[in-house]
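Some structures are shown below for you to check.
Here come two complexes built around chain A, the first alongside chain B, the second alongside chain C.
Take a look at the complex of A and B:
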């Protein structure tokens, strides 16, 4: 096991604590850069979605994971970014301009949402953000002169420096990857400077944060604005990737998917956003596979255990009917959230850390290492 | 003029007068203790000073400036730091980042500079880090720098809270029961630190405390409260022998 011997205050500040990190992240980056020339076009498309979801995941982590303000309204921020891009593109605004405009506009709206959120906590804040999302969804459907209503909007391919970048091209993937990497680096910078520490302070104790000179209201609004702006940027890429956007793409289900991204990935580290994004993007084809093939497989199993032709066909029909039930996906998501909260509250990244520590300390690993300790109860909270 | 002054400070919850027209002054560089039975209004006075509660009436002055109407975060920026009776640390952060939050009132960098982590931010961070290290050394917290608060014992957390307050380089520090929950040895350490804070760092101390031995050892003056009113004020011995104080504690 490596022991870090710190000799300089710089050692507490740097992004990569030791050379091992540089090597492993270097290899990861190299793999991501050669990916478009190795992977199939289907997997590349999935990888682009991973980048977009991970960007939103990082945005949500800033707000929910580090500032402690839950939000179920991020689909709306994504929609605002996407629609701003689609609308401005109609007027031949160049890509870099509407990309920035979408982020800034979404950030401003995020700040506006942040103001009423100052007085709300926990479940009430969640309800407020849900209602914000519904309002945006409704506006998108009704404001037909701008959003084209329920018919949705087409968005042409990105045009960058006079070159048209198709949504399936490696260049578009590199664009999404660059946005994700810049978001992560910017967020890491923020987290190691006073603003990031103020966010964490607000999450853990608002009273103490206030008495340390932190303007809690200002920082909550800042957190909302930053989170919304990043989601707005992701929204532009999302719109380009889909090439067609309509209000029913930005529903509560999408917001819940973003929450799943950070809950399953792990809320205490940015790694969680990426792992969670991989999980949520890959679960969809997996569910489709189950839906298509499960009835046949189960019928086959039934047949091998001596069920007659008629019974097997019956079972196949029943399972197929169950698999195509409306809202089954939502139910599966719900079950996944519950299972993770119960059995792996630290998420996939927490599991990875546990596995790593197991091998580093072998055979001395203790299960209780990651157990949350509570030695005393805060009896008197000044709220 | 006094360094810090409270004039006719009152806090009423409906008919309950938690603090009732209390006036006192703190001189620069002294250690003033507030004592009194449970529910006497000691912590309420602290919460009024740090603006967790809004006073029903009365005024608070610090360095000849009226701070009664200041928002809570400005109180800290003026140089008044505090600790809490039931430790309020940032539980899921390391000791180091807890202490760095204490430096918040000295941070001058803008959001966009922090996003890019410009050299100025880096330089500022190192200054903060050096100051924090001085406090760590002062309070013997070296073994805990990178530990999470949630894994530390109560006694250490108490010291870390004091450290966080000291990191803001306060002029006046409010200690809300610094020795509650500490054993005899830790209380001894605490009394030395409070003395050193005054003598070496030049911090003025206002403290609420139940442990009379600690009060006797460190305080220059003592105020006794009961039912939100001042019973007696003076040297530790005078106050302890004051008939009203004896009556409040033992019953008349």
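Take a look at the complex of A and C:
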């Protein structure tokens, strides 16, 4: 086990606390860089979605995880980014310009949303962000001169430095990966700066933060703006990846999906956004795989336990019929969310930390280390 | 003028449905400070239960209604026991996520069991209309208004005049203190969930002749009822109904007088405006933290 001896505040906020970090993240980055030459094109496409979802996840973590302001309206920010890109592209604006413009515009709108949100708390903030998302969705559907209404907009491939980058090419993947890595590094730097510490202070107690001299209103608006801007950047990539956008893609469903990303990944660390994004993007192909292969496997098991040929075939048909029921995916989704909230409140990254600690302290690990305190006094209402 | 009154009445009727669902939100919130995002789906499930009893098994309307309410009350208790009780006391956000997950689950299961078609329940009052001068009022809409008024009064009396109601308010204020005072908090919470599921079922059954029952109705109406509860100030029973009626009237007026598209957005714009001026809703309590 490694003991870190810190003698200075600089030691405490270092980006890489020890050399192990450099090695492991270096290996991860190397693997990600050779991925396009190893993985199949389907997996590559999924990996691009992981990058985009993880970027949004990081944005949401800044707002929800670190500033404690819940938002169910991030699909709207994504939509604003995507539509800005699509609109500017029609007028032959080069990619770097509209990429930045989308982020800045979304950031400004995020700040505008942040102002009314200053006075709102908890459930009122959730409903205000939902309302905002609904209004944006309706505007996208009705403002036909700009957004083309419900017919949606097509987006041409990225053209970068005179080269056309198709949405399935490795270059587009590297672009998404670069945005994700820059976002993560930027966010890590933000969180170890005074701004980041102010965010965390506001999350833990607004009253205490205010009495420490933190301008709560300013930092809340900042948090909204930063989170929205990052989501806007992700929106540009999202639009390019799909190559077609329409208002019904950016519904409440998508906002909930983003929340699920950070909930399943873990809301207390940026690792959570990436792990959650992998989970959300990969669950679809995984369920499809189960649907195709499960009936055969179950029938095989039944056969080995002495079921006859006829019964096995019967079982296979029944399981197949059950697996192709319409709403099964939604039900599994729901069960996964509930199970995570009930049994793994710290998310996938929390589970990883628990496993790591178990081996570090081998015979001395206590379950109670990660136990959260229950509060029965209604603190959230009169925060 | 006549158009206006007609729109007003249909808006009030629609608003009462929102109000009924919002009542369920408020009840659970009042007693446990849990925001139940699955409330609309409980309503949908109640509607399907009633449809099963009345439409498929051919029971009398009122018996089927009572059966559905009883079944859903039990289901509400079950949902509380399985999903909510283990996470009581944790941050509000995790409980919201758990109920969103529950909503997903119920919606999909209802879709699998009853299919994705629209269903209709025949009621004793689904056909007739009441004529006052040249004003035409459908009985099914009037029944919703009447039921809302009755339920709201009963619940208000229950919360303010009975021992159990007082116990519920106490456990909402501070669960631990209520427990020390001898209130069986767990049982109280479980009863609240039963009541809120029963209220949701009433909404579902009364709604069936107006909008039909299908597996997504809970999501659609829940998302309207939720602003209603917030508008009235979460945690206020009259507030829920007033908020619901306001949302309903705004929606039907906007649908009639404004251009297409405003109908769905107008309630949210009004909600945002109200939240800007009064962040705790119309009837909400503003509590400051004591340090």
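Criterion: the second predicted complex is superposed on the first by the 324 of 383 C-alpha atoms of A that agree within 3 Å, B and C clash if a C-alpha of one lies under 4 Å from a C-alpha of the other, contacts with A are read in each partner's own complex, and residues count from 1 in each chain.
What we mean here is this: a contact is a pair of C-beta atoms (placed from the backbone, for glycine too) under 8 Å apart; a residue touches a chain by one contact, two chains touch by 3 or more.
This is a predicted model, so every value here is computed, not measured.
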Chain B versus chain C as contact partner of A:192, first or second or both or neither | first
Could you tell me if A:252 is touching chain B, chain C, both of them or neither one (first, second, both, neither)?
second
Task = Determine, under the contact definition given at the top, whether A:351 touches first (chain B), second (chain C), both, or neither.
result = neither
*asked:* Quick check for you: in the superposed arrangement, does A:116 touch first (chain B), second (chain C), both or neither?
replied: second
Return first, second, both or neither, reflecting whether A:128 touches chain B, chain C, both chains, or no partner chain. second
| query | When the two structures are overlaid on chain A, which partner does A:211 contact: first (chain B), second (chain C), both, or neither? | reply | both
Handout entry: First, second, both or neither for A:138, with chain B first and chain C second
Key = second
For this session: Identify the partner contact of A:327: answer first if only chain B is touched, second if only chain C is, both if each is, neither if none is.
Result: second
Chain A contact check, chain B vs chain C, more residues touched by chain C
The intersection of the chain A residues contacting chain B with those contacting chain C is 207-208, 211, 372, 374-376, 378-380, 382
Residue positions on chain C within touch of chain A in the complex are 33, 35, 83, 86-98, 100-112, 116, 172-177, 179, 215, 223, 226-227, 230, 234, 261, 264-265, 268-269, 271-272, 275-276, 279-281, 287-291
Within their complex, chain A touches chain B through residues 9-10, 12-13, 186, 189-190, 192-198, 200-201, 203-205, 207-216, 222, 226, 268, 372-376, 378-380, 382
The residues of chain B that touch chain A in their complex are 47, 50-52, 71-77, 81-82, 84-93, 96-97, 100-105, 107, 109, 111, 114-117, 121-122, 125-126, 129-130, 133, 150-151, 153-154, 164, 168
Counting only contacts in the complex, chain A reaches chain C at residues 64, 70, 116, 119-124, 126-128, 130-132, 134-135, 138, 141-142, 207-208, 211, 252, 256, 259-260, 263, 325-331, 333-338, 341-342, 345, 372, 374-383
